[in-house]
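Look at the two complexes coming up: chain A is in both, with chain B in one and chain C in the other.
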Partner chain A sequence: MSDSDTSQISRRDFMRLAGAAATTVAASAMTAVAAPEAKAAPAATAPNWESKFSVCDMCFNRCGLIARVEKGVITKLDPNPKFTKSRGMLCARGNAGVAQVYDPDRLKTPMLRVGKRGEGKWKSISWDEALELAASKMKDIAAKHTRCGMLFSAGADMQSGFVNRFAEVFGSFNVTSHESLCLLSGNRAFVDTFGDVPLPDVRNSKYVILAGANRLEALVTPDSMDLVTIMKEGAKVVVLDPRYTKSAALASEWHAIRPGTDMAFMLALAHVIITEKLYDAKYIDERVSGLDKLAAHVAELTPAWAEEQTGIPAADIARIARELAAAAPASMVYPGRRTSDYENSTQIRRSFAIVNALLGNYDRPGGLVPARPAGLKKVPAEPPWYDDNPPGRVDAGSVPLLFDEEGSFVLTRDAVIKGAPYPIKGWFVYKTNPMATAPERQKTREMIDKLDFMMVVDITMSDTAWMADLVLPAPSAMERTDPVQALQSGAEGACLVWRDAVIPPLYESRPVFDILKALAGKLGLGEFFDFDIPAYRLKQLAAFPEAAEILKRDGVFYPPNPPLGGTDGQPFKTPSQKIELYCSRYEGMGLDPLPVYAPPKASPDAARKFRLVAGRSACVTQGSSTNNPLLSEFEPENTLWLNDEAAKELGVKQGDVVLVESPVGKGELKALVTPKIRKDTVYMLSGFGSISGGLSHTKGVGASIVELMETRFDSICGNSAIHETFLSVKKKGAA
Partner chain B sequence: MNQKLAMVIDSSKCIDCKGCMAACKQANGVSRGAWRNWIKEAVPPFVNGPGGSKKLGHGHFQPGACMHCDEPSCVQACPTGATYKNALDGTVVIDPKLCIGCGNCIKACPYGARFRDPQKRIADKCDYCPERRAAGLAPACVDTCPTKARVFGDINDPNSEAAKLLAANQGKVVRVVAKNRDTKPNMYYIASTAPDGWAVQPVDPLSFDFLAGVVAPVVKWAVGLSSLGVLAMLGRQLFAGAGPHDHGGKPADERPTGDKKEDGHA
Partner chain C sequence: MKRSSIGVIAALILALAAASLAYAEGNARKGKFLYRQKCRTCHGTTASDLSPSSKTQADWKKTFAKWEGVKCVKEWKAVSEADRADIFAYLHDYAKDSPTPAKCN
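Here is the complex of A and B:
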């Protein structure tokens, strides 16, 4: 800081600034001491743009936005100030939505593979040919392997519901989404404790523990912004993370917890809260079951015990427990979103849910609140019955508590590879990219090699599209008319959004709805798609005759939002009708009814001493954004975060290229030598090291995290477990 | 009274999401590799961790851009008058028709706020989005900011949000300046998160240091043909840059003020 200084504003300066005695530039220019000349600049003219509402598509948050359109070209996306869920913001990714629309890498026409799978030889074909081919392949697969021989995978998108509808009427139970690579363990744990998945009301909270959630980088609206707001107002935010993330940097306190030990921390919090009777006894008596069993379970799980596991001092753990309880019910252990960490992630998140239950924060301001009724009507289809179908999903029964509507991608993949319990030979993929998001890319490749037909509908040639037989160009969100979607947040309740096209579809792109409708027609299922999206939306909005006009006027509609506390006196949707500290359902299934802590498994190989953890930058939504021309300026490649002391021992210097290796794969990337990560942990961004020749900015750039990750899954719900891989690291060229 | 457009930044609210940088780039068509604004990371301190270890302590992030100084060293450094102070709103403006791309202003800015646009080959920097303001919108970076860490407005108008924020933080507001050279920037930081480490010593084209730096190589290469261009440029700078400029300057609040009629208005 040699040349830098900060100058305090003097009181005199301050008065001047505040306008009490203004010094204008013009005035000072007239004085004896010559100041730079000032002159009047020519007045700027406002841009000649049209402003149109839409909804961002750069991540799952769906922030309301205003597109500025000049001569048919989108020049800027701005936040919609009426969309309060995002607190009137648009992040870097949202701003880069324009770059997505005009990305030179976009798919322009239907493409048919003509070379070997993954070789990258394509032929541009007409839509008629493409749809005829897709329909005939689906018919063939259904005839040969039953309708469940087709697998459907759709990412988070406002038209993804149509893919599920199509799968249902086509007759396949086999549907996966991105969710089983992300958030299902958390959902499982909260459903099995509270009977639903409550949402954090961060805005009104006085004390938040962020464990395994980097909310100031992995943005969730409005939670991310609200965390900053509440800290300014004096609330405390405690971050547990093996990395010094931006959340850690800005938090009230940060503890570099040993990865995989969060449950020990939570059980010790429960120990303190119970032994010191810091809970609301009346609340627990009325609404919670299993306190006695939990008390016995955590009797020996003291902060001193947890210190040995987590590396966090016992005194801090005890203090945090007391502070958390003192702020209750306006306090919480933040539930988090991506919970695909360990093979016992459901049980880890059960321990989060249990501490929340002890805080009595359910349906209380500043606690965990139930999703509010959005009032959106379903437009159901009565699917035909297909006699020859197998009894259920291909991954059914592989774990005790699969979410039937989501399944498990990694377990479905195993079943496809094995061809058992029955063969799956076709795959329809819409805007999700398992080749870049599912652990062990080689295995996804192996799965694809088992298929007779694979089609991908997407905006660009993703790594998954690169493997397909048929690739169909989708328009970007700004080119689409989309159904209504209900968005939820703890602090704001429900709101409804839709999309009207801001510009017409570019190139030959067609929305997935149009594709499905055409395929349905060719497959004799036209009656289930006998509507267009505007008509569908009116059905969805049947409860709110005024909503359509308001959506056109404001870009968002807020249904009536009942006040918190509405569930008081109501039974919880659990077997005991109470919040279950002790999970009676698990007891019946032979699972641990209380979360039993086991230290995280050590690396089985001394050479692989670094646990790989995943995470996010605010400029990255996995592989869907890393190739974006604007965002690639912020994150041009991924680096390996390597602790500075560990790097010294390995002889690795800042910026050196390192070779990383796991039992399933290898990679090469630059090292970021930093004190911001524990010595036993390494971290890299996902979405790099792509293989698709259609991705200018990421093909072969950095390392692919899914090339390195081993296939592990949550033993209760089948969610992927992506923190269970250990890497060896050495400097490139070293012996 | 004329406006004085300024930015008041509470950097404790900045989460370093880069929203402001992406918004600016998109709104202003800034070339790949160049930036009109930034977020810098303050070097976090080490504090005591468990068992006598050291760990990183509280950090913060520092949004910035051209500070539209009251005594801008870039204006003084500009040989053609392309860079000037807009008398109407206090912004420092670049007239692209007059800019010859000499780069003097880039070195003269202590804050690194200017760059030579790689495509247009002229100086560029933040202009507080005049077209957006004409449309009644905030500058792109301010509009898009998730936590509203950047607050923009006319601080001569006591009712503006920026002026109110300054008033509410009386005694806690700082400006970032280079040592020995206060250009009177119009970017104000709430002091608890005062930025550090960015300002560098400005290089003034008329200063002895600068001349020594340019003349020495000129002498060295005087025999070479390439020196002709350098000499021509230097001559042009000296001719155009000399004269009325005086880079001494008293602090702004010691100057007589010509406008007191707002006195007493809150």
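Here is the complex of A and C:
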């Protein structure tokens, strides 16, 4: 199914021609407007709006923006040109941020559940009543079940750090974030290979392999924009994806890899690079350990072998390996962000890390660069110690290498359901939505049914909020004063941003910081929240006395950025102090020290022959944006991408409603019959098929991907594994 | 949790048994509390700013094996053996080359 050379060339030529045509149009438009400039230019008048800096909240990227405020109302959001991380861009979702602020679905007052859980019967209550109730429930749970009986989960938000701070001073070890449903496998693999999680310097790269990453739709700034720029400059981008994504469409070449076989591709690249000695021997000798063991490990893993696994022609694999090595060190296997795919995802991503190591691209322009110093100071607390607490997290020891600060949502959920090793009976959730993001929604409900008390702080009534006892309205990002956050931008280094409120909080909403501060006061922990956010920010910025003024002036502050190559001669943060092709830590723990390939498991049931894969469109940030009134015009419902030949065999036509079923759940949605996906794979967007009555655009619309996904997890780090489910598909009404 | 084979479970058990090699025996969480209580009063204010990720696991082992030689030995003498083991566990388990290095900014 890979594009032939001919089709690649013709597509690229077409793009070039289209680009040339666009340039011609632009040039003639400029000529047309040139004439009036000869006359006196009219005096510039001040716009009738105020411009206020803020930071986008439509996904995790935090792009700088300027809000236009007219008579107290935000009328438009524009990109902040001084915020270089986004290359002066604000995407479709960012533009739709206005609709988030004025969304009629927003929560307006504290709400107390009065019906059965999930039934949707609520009573509006006062803040005093709400906070008193929350504090007393937390006290009860701590008394009966220890302080670890409360679980805290916060999403990617500039105030989420306060939730973690609260959990720590309250005394609970049980904190989860969205990361164990997303990116931890990649982090695990790179920490265990390089000793840190480097960032791609796409801007200076000459050759990028995007394996599974759909970066031109699942936007990450600046990587998405930089990919387009470098392709214009002649860099090569190779996409491996079972779907013909927009990244595939724009890339230099696309290979419809068999899902779950990326490791075979990477090991074959390593085979070619090693056997043909395409690496920098001096670099490997000085900076890398385990080459001999890797060489032996991949000796038989030839491109011909990998062709059988991946479906990608051996000649292409060998050629890509040579091209990649020839462009090194300004070349990379893009590390990717969401890596929650398979039970062996850490090992799959280890194979990505290993190829990068062979390219000698660490801390080099166009390669993988270490996170740059941000200089932000921590504002420490000295939390009390509670002797009656259990020894560790509720999911501790369930996998060999859990990240202690993140844990594993799916393993924590299992522990809550079992009530072992100890009971968790309370859950504080801030702006994260496991009912829409964690596989097997039924299990998340089961977990919630075990709780005595659950509270959610959010902007709208998410599916998770819908299940809670108490729901508290948060202001949107445009209504908040937020602490400073450091953001990383490849080789360009760190930048610091904060938020000042663009407009006052709408309705009765209160920021989570105020909620936590009030709860801390009621629980005798007031001393740990004895500050306000402006004072907190000054402490964070202690190293940069000029930063506050610059942030007010520019909306962003750039700390000094040392040149690349600063880690040369320094030990890596691994046990051997080198980049570990052969992972000594894994050897000591009885794990495979080199990634051992196993073909992806076949479907256990002949009726379920389609592997479900997840992904994103540029207008969707999972469940947090699908209900946005503007974005829902672009993505009003999700569809099932179904290969045209497979559809024909099933008698399914374009737009037919199909029934999809996995061992754990069912769904109904329209089929998108297309040649742009492999015959063995289906795809749908997340964030649809909602259950919450507070989501007017997505409730019952399309199918819920988490209703279908089985619970699987990465056996090394506990990240969820969401490509391990097979679905049956049939036309609705068919026998 | 459905697991596909007994082999996987066996491998997991083996891995968990061996996991102790990467982690110390004391209570790292208690150690974090004790470190803040007993060490942070100087380190980070009047003495060097230390965090677990200031040293490698091997360096922490060396430091604690010969703690009588450290500059602030007077303060160390006031720390019980059990507390010292917990503080060691915290510093060692979150060392810069540990599986979960302490985050710094």
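By our rule, the second predicted complex is superposed on the first by the 687 of 735 C-alpha atoms of A that agree within 3 Å, B and C clash if a C-alpha of one lies under 4 Å from a C-alpha of the other, contacts with A are read in each partner's own complex, and residues count from 1 in each chain.
Following the convention adopted for this analysis, a residue touches a chain if its C-beta (ideal position, glycine included) is under 8 Å from a C-beta of that chain, and two chains touch if they have at least 3 such contacts.
Owing to the predicted nature of the structure, the values given are computational and were not obtained by experimental measurement.
Applying the stated contact rule after C-alpha superposition, one finds that A:Phe634 touches chain B and leaves chain C untouched. Judged by the touch definition given at the top, the superposed model places A:Gln577 against chain C, while chain B stays out of reach. Set side by side, chain B and chain C differ in how many residues of chain A they touch, and the one touching more is B. Once the two complexes are overlaid on the shared chain, A:Ala374 sits against chain C while remaining clear of chain B.
Within chain A, not a single residue is touched by chain B in the first complex and by chain C in the second.
Of all the residues in chain C, the ones that touch chain A in their complex are 1-2, 4, 8, 11-12, 14-19, 21-22, 27, 29-30, 33-34, 36-37, 40, 44, 53, 56-57, 96-97, 99-101, 103-105. Interface of chain B with chain A (complex): residues 1-2, 4, 12-13, 15-19, 21-23, 25-27, 32-33, 44, 46, 49-50, 55-56, 58-61, 70-72, 75-76, 81, 84-91, 93, 110, 130-137, 140, 143-148, 155-158, 163, 166-167, 170-171, 173-179, 182, 188-189, 191, 194-201, 244-246, 248-250, 252-253, 255-260, 262-265.
Residues 173, 191-192, 195-196, 374-378, 380, 382-385, 391-392, 397, 399-401, 403-405, 414, 486, 573-575, 577, 585, 588-591, 601, 710-711, 715 of chain A are the ones that touch chain C when the two sit in their complex. Across the interface of their complex, chain B is touched by residues 1-14, 16-31, 33-41, 43-47, 49, 75-79, 86-96, 98-99, 216-217, 219, 224-225, 228-229, 232, 244, 246, 248-250, 254, 256, 311-313, 618-619, 629-631, 633-634, 675-676 of chain A.
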